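Common to both upcoming complexes is chain A, partnered first by chain B, then by chain C.
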Partner chain A sequence: MGTALNLVFIALLVATALLAVFARDLLAAVIIFSVYSLIMALMWQRLQAPDLALTEAAVGAGVTTVLFVVTIFKTRRREEEEKE
Partner chain B sequence: MRLLHNYHYAAAMLLFCIGLYTVIARRNIIKKLIGLNIMETSVFFFYISLGYLDGGIAPIRTGGADPARMVNPIPQALILTGIVVAVSVTALALSLVILLYRQYGTLDVDRLYRDEDGGTHGGPSGEDAP
Partner chain C sequence: MKNLLALLFIIALAALLLYVAANMPPMGDPDNPTATHVIPRYLEGAEKETHTENVITGIILNYRGYDTMGEVTVIFSALAAVLAVLGRERRGRIHAYVDRSTVPSSVIVRTMVRFLVPLIVLFSVYTILHGEISPGGGFQGGAIIGGSMIVFTTIFGLYESSRRIPQKVRFPLEGSAVVTFFLVGVLGMVGGGNFLTYAWPRVAAGLQPALVTWLTVLVEIGIGLGGAMVLTSILFCMIREEEEIAVVA
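Up next, the complex of A and B:
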């Protein structure tokens, strides 16, 4: 029972990691990465590490996402296409 | 069968490979930083899985919890520090990314190399050129 839930979380982790890597829009990639961090916080709780779950939810999903979003608004949002 | 029992380690390795692919193959610097964060998280995941016991309880001694059933608290204390260090590294790298964009006007690694060779955007090496 618990193993099945862990496997579901791991599948979600791999799926969100791949989506964040292959998204063309950088803002979408960052938001998907914050979802990845939240699922990782759930995974810490499954591994009996509640302090890590709190820290990951606050710092990983919160502060890191804000930093990335500020950087994207200060630079550019689209990934540049190769024009050769 | 042993791989099925230790599926946490396989998942951590898979996530590490995804992050490594991103850092190597993607050309956008912000994408590379997302890949670096995925790599860091996978290493933390591996380390916490090492200290996990099947059917363990959280290492908090309240209400007569049995210490023999607790998971190992030392990896958790170490990784708590590691998460904070990862955020600091990300903040420093993103500030450098903003400075790089102001200087060169692009976040693409290939174009950054090309501009460094040509010096068309007037970087630090291009200002002295006539």
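Up next, the complex of A and C:
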């Protein structure tokens, strides 16, 4: 049971990490990245590090997401197409 | 050609990392290097040597006090860097803040935020004050206060939230983490010990546990307030630009 849950979390971590990198819409990338942080927080809790879990949930999923969103609002939302 | 090289490099790096990961000592093994050097000393001696009830607090604020003090300084210098690049918002000039969000927040959202923010702050106060004997502490509680301020600011705007925490309150509190930590460290020297000694040798042995508790709580409050104010200030000076763009346009 515990191992299966760990595997699900790790698979979700890898999936969200890849999605966040490949998303063209930067706002979507930021939101996916906050999901990554949330899963990471659950992971810390499962590794018996509640201190880190609290920090990751507050800073990783909360504060940095908002700071990124503010930055996107001030710049452009779409990534520029590559010029080859 | 370039892509192929990059691919080969990444595959080689992945193989190396996987090889190293496979050779790591198993988690929870009592013969791990992490469990044979300093950890036994921490686990066995923390209560006697640091007089703290929680071993983790003892490690973070006592054995590794210099480390934590450095981290606090890093957070402060992050704020200094942000302020150096973006500049602080000018006092009394934020009335012109223009809400540029395309979806104005509804009554439901406003009511929910009004209801939730005090509860979030209450939880962060618990995290800070109870951090001495439970998971959490200054850093975490400060981040939660910062998060509640961010929620409030995104819904009600910079004007409303900077009226709640005006600059003249934030400005002295931003450095409170470093200052409190340093003062407690110096007080340890005054009390007859080394820098960052919590159990002052000049105090009667019976009073030392209480002293350690109060000093620890003091440091946690300093770190928490400092971290919260740093996060709020970073957010304010990032959002503030909005107003200047809006005024120019």
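A few points about this structure:
Just so we're on the same page, the second predicted complex is superposed on the first by the 82 of 84 C-alpha atoms of A that agree within 3 Å, B and C clash if a C-alpha of one lies under 4 Å from a C-alpha of the other, contacts with A are read in each partner's own complex, and residues count from 1 in each chain.
Keep in mind that, in the parts below, contacts are C-beta pairs under 8 Å (C-beta built on N, C-alpha and C of every residue); 3 or more make two chains touch, one makes a residue touch a chain.
Every value quoted in this text rests on a predicted model; they were computed, and no experiment measured them.
In the superposed model, A:63 lies in contact with both chain B and chain C. Once chain A of one complex is fitted onto chain A of the other, the partner contacts of A:73 are limited to chain C, with no touch recorded for chain B. Within the superposed three-chain model, A:14 lies in touch with chain B and out of touch with chain C [touch as defined at top].
In the superposition on chain A, the chain among chain B and chain C reaching more residues of chain A is B.
Once the two complexes are overlaid on the shared chain, A:30 sits against chain B while remaining clear of chain C. In the superposition on chain A, contact of A:39 is made with neither chain B nor chain C. Overlap of the chain B and chain C contact sets on chain A: residues 50-51, 55, 59, 63, 67, 70-71, 74. Put simply, chain B touches chain A in their complex at residues 7-8, 11, 14-15, 18-19, 21-22, 26-28, 30-31, 33-35, 37-38, 41, 44-45, 48-49, 52, 56-60, 71, 76, 79-80, 83-84, 87, 90-91, 94, 97-98, 101, 106-108, 110-111. Across the interface of their complex, chain C is touched by residues 50-51, 53-55, 58-59, 62-63, 66-67, 70-71, 73-74 of chain A.
Residues of chain A that touch chain B in their complex: 6-7, 10, 13-14, 17-18, 20-21, 26, 29-30, 33, 36-37, 40, 43-44, 47-52, 55-56, 59-60, 63-64, 67-68, 70-72, 74-76, 79-80, 82.
Against chain A, in their complex, chain C makes its touches with residues 56, 100, 127, 135-137, 139-140, 143-144, 146-147, 150, 154, 231, 234-235, 238-239, 241-242, 245.
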